[in-house]
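Input: structures, listed below.
What follows is a pair of complexes built around chain A, which joins chain B in one and chain C in the other.
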Partner chain A sequence: MNYGPLLFLAAFFALAGSWFGFVLTPQAQIGQLQQTNILGAPTLYPQARPGLARQGLEVYRANGCADCHSQQVRQSATVCDVLLSAAGTNPPAVLSALFKVKPGLSEPDARQCLSSLPQRLLEGLKPEEADTAVKVLNVAGAKAVVAIVPVGPDIARGWGKRRSVARDFIFDYPVALGSQRIGPDLANISMRQPDAGWHLRHLYAPRLEVKGSAMPPYRFLFEMRKIERCPSPDAMVLPRDAGPPPGYEIVPKPEAIALVAYLLSLRADAPLFEAPLTFAPGAGAAGGTNAPAAAELTPTNAPAASDATPTNAPAK
Partner chain B sequence: MNPTASSKPATAIGLAPSEIDASCRLPLLVLLMSGAAWLVIASGFGLISSIKFHSSDFLAGPAWLTYGRVHPAASNAFLYGFCLQSGLGVSLWLLARLGRTSLAQGWLVTVGAIAWNLGVSVGVLGILAGDRTGFETLDMPGYATPMVFLGSVLIGIRGALTFHQRREQRLYVSQWFLFAALFWFPWIYSTAQLLLVTFPVRGVMQSVIAWWYADNLRVVWLWLAGLGAVFYFVPKLARRELQNRNLALCAFWSILLFGSWGGIPNSAPVPAWMPALSTVGTVLTTVALLAVGLSVWKTAGRGGPAGASERLPLRFVLFGVLAFLGAGFMRVFSSLPPVSNVTDLTWFGPAIEHLNAYGFFAMVSFGAAYWILPHLMGLEFPWPRLARAHFWLASLGIVLLAAPLAIAGVLAGLKLRSPDNAFMDVVRATLPCLRVSTMGELLMALGHVAFLANLAGLAARFYRVRAAAAFSSLTLDVYKPAGAKP
Partner chain C sequence: MPPEAAEPSAGNLPVPVWLMVLLFVLLYAGMVFFDRFSGWFNAEVYMPYASLSDLQAFQPRGGGGPSPEHVRAVYENNCGLCHSNDGKGKPGQAPPYVGSEWVLGSPERMIRIPLSGLSGPVQVEGTEWNLSMPSMGAALSDDDLAAVLTYIRTSWGNKASAISPEQVKAVRAQIGARSQPWTAEQLKAVP
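So, the complex of A and B:
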């Protein structure tokens, strides 16, 4: 190691190796990702964010929201549940099938179970176990399907329904994955909190909405102005001690409105080939009630779902 | 083992150290002084952003003082203003000294340093104005970076020329590290800049490149430049030959081959081979950590008694090596999937970054500056007590900053595993640690003021002596009797 050129070549090839591995190869693999079909629905995903939300991403970037909020849901595993949706016409056969797939079940419980359908019969199975159970039930004339359920601490916390995947971000610049969770994850914030007014009040004075919040107030996104003839329809409704002096009103600036539009566009729970999940009847309803998009996304009784799901179920 | 390892010439090849120092004086003074000034600015911003965690209404009014702007301003001022700048300065001096040649076209280095500082100033102001790019460690807006790049190329080419013109043909280990670092930065910086800002790539590719860049800068560059200085200063200050060249070679190769593959978090929404490969690379850097630890321990552990002027720089450098090992092993540990499930996306990551960039790199740079500058100027530092105080403030400060953050990270990570812990409880659990870390930032900031004061005092003393000499020679010219030659 006494020659300059040798040293140069060594350093050059070492760096070229890492450049090839982590710049060029990933670019070839995921640099050209396109929209794709949602599993079981003829809808393209993801859709580009609306213009106002895209302006909101600029506000998000400029004020470093990603320094404290991540936008990535982690998942530790995928399990299968068995959903029983109809008992069929042969109750004794279905009952014996039920005892077969769920050995500890007592007879009254089984009858109770059949009378309150649809029902999440089994939870947390491996794909092949779930497939066997479904086969047994279907042979008996009942109607059962396998539901794919992602699990993990983030999902249990309600931060998302499935893990984040590369495709969720193809239209974003900059991609704000974040590196820390000083505040909660925002990948699905519009699913948890779809109220624009809540977001505006939270940005103006975080502790009004979340007691003890460590988030700084973003009052510079709002404007305090004198009420002229009549109050603005956009004026914030605030409690008296946090509100403006009498005769004044607080109105969100365009930046605040754009930022809230962006936050309300954050939702990544569509079932995809690379991140499958099944929206179950009942289970999906809790999160989806006030989100209009959920209605299109839930293939609850679409038979296509069971055709599409075997991607990671080798038993079929 | 390594006959030419000692930096003192056995035979008189090349220039005398005083001539080399004279050629480095102005460029190095500009690089190190402005580095120290950026350090003070960075710690001011860092203190503000740290205080915001426990009183979030603190300075919440103006947009430019919001956390999401002050925090990247602090980290970029520290990284680009101080770390890279003083690292380049020390590297140039080492390349000149080890090659026994003068710094090639030193005035161009000064021009490069001015361009660099202009770029960083524009960049930090841009971040405060809300123009940050949104990619961590590459936050400076696109209109500032060409100047930074120009500065790095000007300085880098002078470094390569100095290396090329060396009179001592046999290479010392530090030269490998420094040469690789000189050429690494323009490559990763231009790649990241072109693919993230100028012609942005699509989707999470942005994050992949940003992680790759950040890891190559914070790990490969800082390690190469920092260890280059460590392998020079430890043998020199401990007055014992480096033990030994093969260990250093081992560290060099494992940093180049494995260190450059780190940085992709295990939880990232990318194809699984990337985090897997990244974990393998990170775990293999253990070789470098062991080699450096062993080599420094064998060299300094049995070194002769350091003289008074060597004791303080040696203390800084040895503290840096300890922090290097601490940060390196924390990094290896937290790249393993069972651990990263807890530590990813928590304060553990910033704890490693602080320990690595500050505890290791900045401390080694301080040690180098305290050794180089008195030789460059031919003067002692005006306030040696302040310099000793700087060591204690900085070392206590970084311990009080990194340790609580690491604890907060593990605490929060463990609590987030169970959905029964409300998120606000997790936040509250980390607050005591964050309070202690603000104390750490405060101590470090005080230390930086002491450092800047000493540097400025030294420069002022040097130029006062020169001005007095020039003045007296002028006045002597006027009053000297006709015909009398001195």
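So, the complex of A and C:
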């Protein structure tokens, strides 16, 4: 140990450097984030979660939901699409503009395209290419706009419409980002599944709602009790083989209701400056991108959810 | 008893030149990567955007005017409170937009109403109203006002021409800094 002071200094600088890089710099960078306006609308984002949902975050922590579910949508790139919404009054000029921006388009296809507007004319362009195409089309009298489209595997799964950014989480403490995906990402779960009754049945018996689900049932968030004079309005509507014995009912405890309120508050798809996107009018943006996950989540042997909706709904 | 071996101690050995060179090459590559992809620690630049200018290139274009959601929000915050969100007006509070001759008629006349307000008796669809509307649109931008007027002229079954920001700008220039609300007679004099 004839280099004691040197070793001390080396250890000190290694620890100080990582503290500087992992604690101080991020704090200076994103520690002061505030609410901001959604792109193109005077709406503030994000909104603080309602009180019940905030209690639900504690239940989410206590039950280790974040061990299997992440809350971060990744995005690998952003592309620009060109949407054609009106053909204008000069068909020959628009046709020649179409051939110019989309070489290789046959004439019947072009006429077909003009007769079924609005159309997603070009996909996956760079911003400057899209701007040029839109300019060519608009000069010809047609009405075309650029749509900003985030892409990536998570977005293709329907887990979100754009990447998660730090601003999405400013009202959460702690931030339940999660690091494993044994279950699906929950950053936008209320966009995919806005039905509170579905969430309650899924917590009580996951395989009722998702066939082959690996999620354990969280039955301790529910209470089985004898029906007294009349059944509780909160009682779960379950298929007969999963339900309680006759004369009994299953009622969600306050924890379950808070957890579902939290899940229903999870939605981060507002367009922001740091995560821009366009909701394409008429192009089925919401339905289209959401399809894979929706198919996966379709209740297979579930009771008729629509009949049961009013009973299990906590205050939204 | 054999003499005990001396304590081992670290000696001095020069760092090999190739290691120094390698470290500098790595440092240089790191600097180039940082320069290209760091966004210079800007809190609003995330992957996959490499820099603020890259992010700005992906912002939605203003070409199509304000977004429908925005126009609707402007309507609901400024007009809909009294005229109701379905354009049917509210009894004793504000006349309807649906089918109103003031809405479907001359754009010049319609633009003047939100800019300076309207007070006194006015006939709307055969009913007489005698109320006072403040200048709700004076604080809106030309773009927003034109978009919201167009929204009123083309929603709930109304079918009238759109109003452009240029028209709003022209009317604003004509009436100047007017603080008095219009009366129905003054507006009828406008073509």
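We adopt the following convention: the second predicted complex is superposed on the first by the 280 of 316 C-alpha atoms of A that agree within 3 Å, B and C clash if a C-alpha of one lies under 4 Å from a C-alpha of the other, contacts with A are read in each partner's own complex, and residues count from 1 in each chain.
By our rule, contacts are C-beta pairs under 8 Å (C-beta built on N, C-alpha and C of every residue); 3 or more make two chains touch, one makes a residue touch a chain.
These figures come from a predicted structure and were not determined experimentally.
*Asks:* Of the two partner chains, chain B (first) and chain C (second), which one does A:A166 touch, if any: first, second, both, or neither?
*Replies:* both
*Asks:* Quick one: is A:N2 in contact with chain B, with chain C, with both, or with neither? Answer first, second, both or neither.
*Replies:* Both: A:N2 reaches chain B and chain C.
*Asks:* Based on the superposed arrangement, let me know which partner A:S76 touches: chain B (first), chain C (second), both, or neither?
*Replies:* both
*Asks:* If you stack the two complexes on chain A, which partner ends up touching A:V145: first (chain B), second (chain C), both, or neither?
*Replies:* The answer is second: A:V145 touches chain C but not chain B.
*Asks:* Name the contact category of A:L33: first (chain B only), second (chain C only), both, or neither.
*Replies:* Touch partners of A:L33: chain B and chain C.
*Asks:* So in the superposed three-chain picture, is A:A41 touching just chain B, just chain C, both, or none of them (first/second/both/neither)?
*Replies:* A:A41: touches chain C, not chain B.
*Asks:* First (chain B), second (chain C), both or neither: which does A:A66 touch?
*Replies:* The first partner, chain B, only.
*Asks:* Tell me the contact category for A:P127 with respect to chain B and chain C: first, second, both or neither.
*Replies:* The answer is second: A:P127 touches chain C but not chain B.
*Asks:* Which chain makes contact with more of the residues of chain A, chain B or else chain C?
*Replies:* B
*Asks:* Answer with first, second, both or neither: which of chain B and chain C does A:V210 touch in the superposed model?
*Replies:* First partner only.
*Asks:* Touching chain B and also chain C: which chain A residues?
*Replies:* 2-3, 29-30, 33, 76, 163, 165-166
*Asks:* Hey, which residues of chain B end up touching chain A in the complex?
*Replies:* Touch list, chain B to chain A: 52-54, 56-57, 60-63, 66-69, 71-72, 130-136, 163-164, 169-171, 175-176, 179-180, 183-184, 187-188, 191, 195-196, 200-209, 212, 216, 249, 253, 256-257, 260-261, 263-265, 267-271, 274, 277-278, 341, 345-347, 349-350, 412, 416-419, 423-424, 427-428, 431.
*Asks:* Could you pull out which chain A residues touch chain C in their complex?
*Replies:* 2-3, 25, 29-30, 33, 39-43, 75-78, 80, 127-128, 131, 134, 138, 143, 145-146, 148, 163, 165-166, 271, 273-278, 281
*Asks:* Could you list, by residue number, the parts of chain A that touch chain B in their complex?
*Replies:* 1-4, 7-8, 10-12, 14-15, 17-19, 21-23, 26-27, 29-33, 61-68, 70, 72, 74, 76, 153, 156-158, 163-182, 184, 206, 210-220
*Asks:* Which residues of chain C touch chain A in the complex?
*Replies:* Listed in rising order, the residues are 9-10, 41, 43-49, 55, 57-61, 63-64, 66-70, 73-74, 77.
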